[in-house]
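Chains: A, B, C, D, E and F, in written order; residue numbering restarts at 1 for each.
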Amino acid sequence: MKISARNFLKGKIKTVNPGVVNTEVVVELTGGAEMVSIITKTSADSMSLAPGKEVYAIIKASNVMIGVD
Amino acid sequence: MKISARNFLKGKIKTVNPGVVNTEVVVELTGGAEMVSIITKTSADSMSLAPGKEVYAIIKASNVMIGVD
Amino acid sequence: MKISARNFLKGKIKTVNPGVVNTEVVVELTGGAEMVSIITKTSADSMSLAPGKEVYAIIKASNVMIGVD
Amino acid sequence: MKISARNFLKGKIKTVNPGVVNTEVVVELTGGAEMVSIITKTSADSMSLAPGKEVYAIIKASNVMIGVD
Amino acid sequence: MKISARNFLKGKIKTVNPGVVNTEVVVELTGGAEMVSIITKTSADSMSLAPGKEVYAIIKASNVMIGVD
Amino acid sequence: MKISARNFLKGKIKTVNPGVVNTEVVVELTGGAEMVSIITKTSADSMSLAPGKEVYAIIKASNVMIGVD
């Protein structure tokens, strides 16, 4: 499926930290930076997310802010 | 100012495309990937965003989804 | 690609209203309700969105509120 | 109160799964599809959300993505 | 209608700046601060938003970040 | 760091309620209103958020809805 979200960053899962309702997933992006994602535990479980798995971090453009030092 | 958002990705602005209300900013991230951001035109103008400027793409963790091929 | 977003609602595009930066897409969902989406014009163009096209409206669960009459 | 969010989908609560801070609410929409929502536990409690209750799933248009098979 | 969003801040509209698809609404909150909102032009028009009108700025708690100086 | 988000509301933390993955932070805004925020527990811990601390509630304009009575 093709999706309208503009940002797909490739990486590998570093850690998966499940709560009761939500799960925190840390992805090590190709290029070295880290990306933290909060998704539902149900999603994380149904996608069998685990350290080492290759994934994409996906972000809708309207959710990206810009910062300047 | 320190902010609770978990994701700060360094990069350089590639293009700035202003609309009437919103502006589309494309950032070339360190590491090579691109990140597209939609912010208000007022913000883009007041921060003097222009190609070549060093910026951060900032994303709240709850706005990051995970995809698997 | 499988994505962590929990909500995929099937429908058919009713109208596409492009602005300079963003495009408004109205989807008639199977079941009869309407769903309005704002995506970037670049996405709408690259996906060739047009009335009659079969699409999914996709929503991350953390972006869904609940209302009671 | 009238609200600027464009999407109000009628349905009936199927399940309510409380965590410590957030609660997952699954709504069976009129028309048959399901919608998953994450709201604060405080909100879910103060609205007395429970299976069978008639509710609306409410979504701001800028949070709706479009997907194509 | 009661809504699960946790934040309802009372104020009065200061300016309404319509684009093609989205409209920027600036609200002067009771207490003095300003709040900027981007909603669809269709919503702003259908609610007859105009300077001086009493409104609420409404925000889902998961969209609020915290900053420290 | 200067950030493109348009809304920075000054206040003082009233309560901090940690879950497993997310933490709920209630801020008493200057002017009297309250603002509820959900951030990751990791962020709340690393910023040492606690009652009485002076903070800003920060919101991207595209996440602000308008309501009318």
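The definition used in the following text is that a residue touches a chain if its C-beta (ideal position, glycine included) is under 8 Å from a C-beta of that chain, and two chains touch if they have at least 3 such contacts.
This structure is a prediction, so every number in the text was calculated from the model and none was measured.
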- Could you tell me which chains make contact with chain B and chain D both? A, C, E, F
- When you check each chain against chain C and chain E, which touch both of them? B, D
- Message: Can you tell me which chain lies farthest from chain F, using the average of the Cα atoms as each chain's centre?
- Response: C
- Query: By mean C-alpha coordinates, which chain is most distant from chain E?
  - Reply: A
- Message: Can you work out the whole-Å distance between the CA centroids of chain B and chain C?
- Response: 23
- Note on the structure: chain C to chain D, mean C-alpha position gap in Å, rounds to 17
- In whole angstrom, the CA-centroid distance of chain A from chain E equals 29
- Note on the structure: Taking each chain's mean CA coordinate, chain D and chain E are separated, in whole Å, by 22
- Message: If I count partner chains per residue in chain E, which residues reach a count of at least 2?
- Response: 1-6, 19-20, 22, 24, 36-40, 42-44, 47, 56, 58, 60-63, 65-69
- Here the pairs of chains that touch are A-B, A-C, A-D, A-F, B-C, B-E, B-F, C-D, C-E, D-E, D-F, E-F
- Message: Quick check on the complex: what are the chain B residues that touch chain E?
- Response: 1-5, 19-22, 40, 42, 60, 62
- Task: In the complex, go through chain B and note every residue touching chain C.
- Result: 17-20, 22-24, 36, 38, 62-63, 65-69
- chain F contact footprint on chain E (complex, rising order): 5-10, 24-25, 27, 29-39, 43-44, 47, 49, 53-69
- Item | Contact set on chain D toward chain E in their complex | 1-6, 37-40, 42-44, 47, 56, 58, 60-62
